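What follows are several structures.
Paired with chain B in one complex and with chain C in the other, chain A is shared by the two complexes that follow.
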Partner chain A sequence: MGFITAMSSMAIQLKANRVVTGTKIPHPCGDPNLSAEADRALRRTIMNCALASLQTDVKGPTMFSPDVTFTSG
Partner chain B sequence: MKLEMATFFVKDVRFSKHTSYDSEVLEINKEELINLVLEDKRVLSADLDVARPGEKTRIVKLRDAVEPRVKVSGPGCVFPGILGPVETVGEGRTNRLSGVTVMISSEYRPTILSGSGSQSSVIVDMWGQVGHLTPFGSMVNIVLMVALVDGVTELDAHAAMQLAEFKVALRLAETTREKVPQDIEVFELFRTDPSLPRIVYIAGATTAWHMPHSGVAYYGLPIRESLPTLIHPNEVLDGAITKDVRVGTGHRPTTWSWMNPAVILELLRQHGKQLNFLGVILQRTRFETEFGKQITAACTSQMARLLGADGAISTRISTSGNNFMDMMLTVQACERKGVKTVFVTAEWGGKNGDELPLVFYVPEATAMVSTGSFERDVMMPVPDKVIGVGDCQLIQLTSGDKLYPSSVEFTLPASYCLLDGVDCLGRLSSTCQQY
Partner chain C sequence: MSKVRVMHYVNQFFAGIGGEEKADVPAGFLEGAVGPGKRLQALLGDSAEIVVTVYCGDNYFSNHVDQTLALILKIARERDIKLVAAGPAFASGRYGFVCAEASHSVSGALGLGCVTAMHPENPGVEMYKQYKDRTVYAFPTTEVVSGMEEALSKMAQCISKLAAGSIMGPPTLEGYIPRGFRRDEVKSESGAVRAVHMLLDKISGRSFFTEIPVEQLEAIPVAPPVTDLKSACLALITTSGVIPPGNPDGFRGYQDSKWGKYSIQKLDSMLDAEWDVIHGGYNTAFMKKNPNYGVPLDVCREIEKESVFASLYPSFYVTPGARGLLSVMHRLGREIALDMKENGVDGALLVST
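This part shows the complex of A and B:
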């Protein structure tokens, strides 16, 4: 199972196997501040990372970071 | 900056024709105080009652409590930015009535009906076991009961309810103006022995950017996504930090608790004796990305290092796991910069104490103080009297929550259903034993 969350280091501590870093706690899988097009591209990036994590063998909790630039806290 | 805190003890409160203070008794003219509250056109009706320790009295629909204080000399006023202009406070003399509070039990028609931004209320019992779970069971509480007119916005509701309690508290403290206090304590961060350990206090303050009021205000300004701010501890004692009065919850300290901040008071008292108190870092927490959390941790720890701190004591408000992570990362960042840090926090642990007490940890958090679990059930016995605004037969604490019958026995799911039921600022009234 892959787990998309903005609190990824907490998920690692809780022993989730495949942790995918999401954008933000209220919206881990996108960003409503972006245009519809840019939001769709961002969601695709995160989902591709999550799908890639499912195809990767892991030995214990592992972090997968999508290629996303963070600009807000 | 030298602040003289002059204390006038209150053993009892009596209704009278005049509002006055003498020989540890506060006499109040109920009509005068009610008229003061009714001056605000947002207030539909107001009433007032008194609850004393030991009485089998339950107070419901509570949102906040405040200690009566008045500035008698020096710049500004108590609650700067709210009761007067913005002027840096913490100097001169402040008179306080000790052992008495002004509480607000209130209702209005909310426009936010669900979620974390909605209004809520809590309970206080004046006797028995539940009376010991909040600081208010051992004090005389003057309970203001206020209903607002229809059509107020959420922020207006906060402002009207806050103004009602602050104005009444100020009027009561005014009675001490010409009187001789029983005690004067002087708080000052004077230059001291350089060999004493240099200690900073990190006050974690959870705020939410998306709510009408963010949750915590500095000089009346709700703090939103700010980076840490360095403030003088005396400012806090003069009411520089206040809260969203709409949200009555044991998760967050009352204004009373912010005016009596346990860690700040003890650090001030030990300044020049055991330690050198450097100041308070007011740290906004509850960032919504790990990126943001890392930045607040980096910035706060850097501020501590620039102050030359040897050690830090940190507390947090709100029991959310979100802000817990910010605080833990701050402990880590401080320790890595050579600032030894003690983290004071309430814990989870579940109903029976056999669940995870902490949701996140860092190996650098080697010294922590627990202020107890907030997840235990609270058994509420049958009261003789219930005080609260409007109809108090059935009470609802948060929007969408179930209704509790206030005058029969019932069980609350956690201590955060009581006013200051979670010890956020480290007053440590709870003890534990090994078994």
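This part shows the complex of A and C:
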């Protein structure tokens, strides 16, 4: 299981094994301040990272950080 | 003053009925103290009296949980019991399980003080920690019966204290296994002063006690990676509280104890249907506007169409994660995982707010 959350360091502390860093707590898979297109592209990047995490052999709690930028919203 | 009336629970072995061959013996009771209860009574002296001993076969209990607990409650009521002792169970898992269940039941139904003892790795300890009953105290014992005297002595001290109406102090003082409560207390020094002292102790290599112990979580077994994504069925889970309009299954939005599963079979995006969001722990305005933030269906369909993975499971799983109790969330996770396995799901993506 890939675990997508904005609170990824906490997820690691709680021993989740495949943690994917999302954007923000109220909207982990996107950024409402972006245009609909950019928002969707951001979501796609996060999901690609999540799919990569699923395919990765990990030994314990591991953080996967998608290469994204987003606003502070 | 009349002595405080105590019920003692022991398994069939300690009740003198028999060993493994008698593990199916039904629950019953004997007058007064029996087996280890006799020594417990001696240690209690005049502070309390074991008036009845309830016993049950170790195997019988797991097949007759409700009946056995009902009998224990009935006897406790009829005999005007004020305190319950259970065990010590040492490392015996089945015995420890009954001690934890019986204590939980008596504490919940009658509010009575319960004192038990078992080895810290007995599965009963896990239940004790999960139940977190304010009137139940479990003391650590050795793995084997050789620690009987020490275990009974700890139990007797606690029972005597409760019988006298005294308030139990924290686990570090009283020796019982921590249940995870934090209690306010008045200190003469401010938090800042205490923190500095603690830091200085730590730097100097002296021993110190934290005032806020962090719960130690066990490592979660690592699932093997999905090796053939192209033929995998993936499912989406969310703790964001995205649910069908009108909240048909009655989620509360905080401390929920159930999960739901809703169809997305005919949708290409969460925006293709109406959804509500119920969650007491974050600002749900963005999620209401676009539930793809919590159930990223739009891009998952896109990726599915590109045949990166074989198929998206036709429903998503949800529970509002706000203020979720760890023990409850463990159960929900197990149930969801089981449902996924039954439905041939190979991998899951969980989005958490």
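The rule is simple: the second predicted complex is superposed on the first by the 70 of 73 C-alpha atoms of A that agree within 3 Å, B and C clash if a C-alpha of one lies under 4 Å from a C-alpha of the other, contacts with A are read in each partner's own complex, and residues count from 1 in each chain.
Keep this in mind: a contact is a pair of C-beta atoms (placed from the backbone, for glycine too) under 8 Å apart; a residue touches a chain by one contact, two chains touch by 3 or more.
Everything numeric here is computed off the predicted structure, so don't read it as measured data.
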{"item": "First (chain B), second (chain C), both or neither touched by A:34", "value": "neither"}
{"item": "First (chain B), second (chain C), both or neither touched by A:12", "value": "neither"}
{"item": "Touch count on chain A, higher of chain B and chain C", "value": "C"}
{"item": "Contacts of A:51 with chain B and chain C, given as first, second, both or neither", "value": "second"}
{"item": "Partner chain in contact with A:70 - chain B first, chain C second, else both or neither", "value": "first"}
{"item": "First (chain B), second (chain C), both or neither touched by A:26", "value": "both"}
{"item": "Chain C-contacting residues of chain A that also contact chain B", "value": "6-7, 25-26"}
{"item": "In the complex, chain C residues that touch chain A", "value": "217-220, 222-227, 229, 234, 237, 240, 282-287, 289-290, 292-294, 296, 298-300, 302-303, 308-309, 347-353"}
{"item": "Touch list for chain A against partner chain C, complex", "value": "1-7, 11, 14-17, 22, 25-30, 32, 39-40, 43-44, 46-48, 50-51, 54-60"}
{"item": "Touch list for chain B against partner chain A, complex", "value": "225, 287-293, 295-296, 321-322, 325, 359-361"}
{"item": "Contact footprint of chain B on chain A as seen in their complex", "value": "6-10, 13, 21, 23-26, 70, 72-73"}
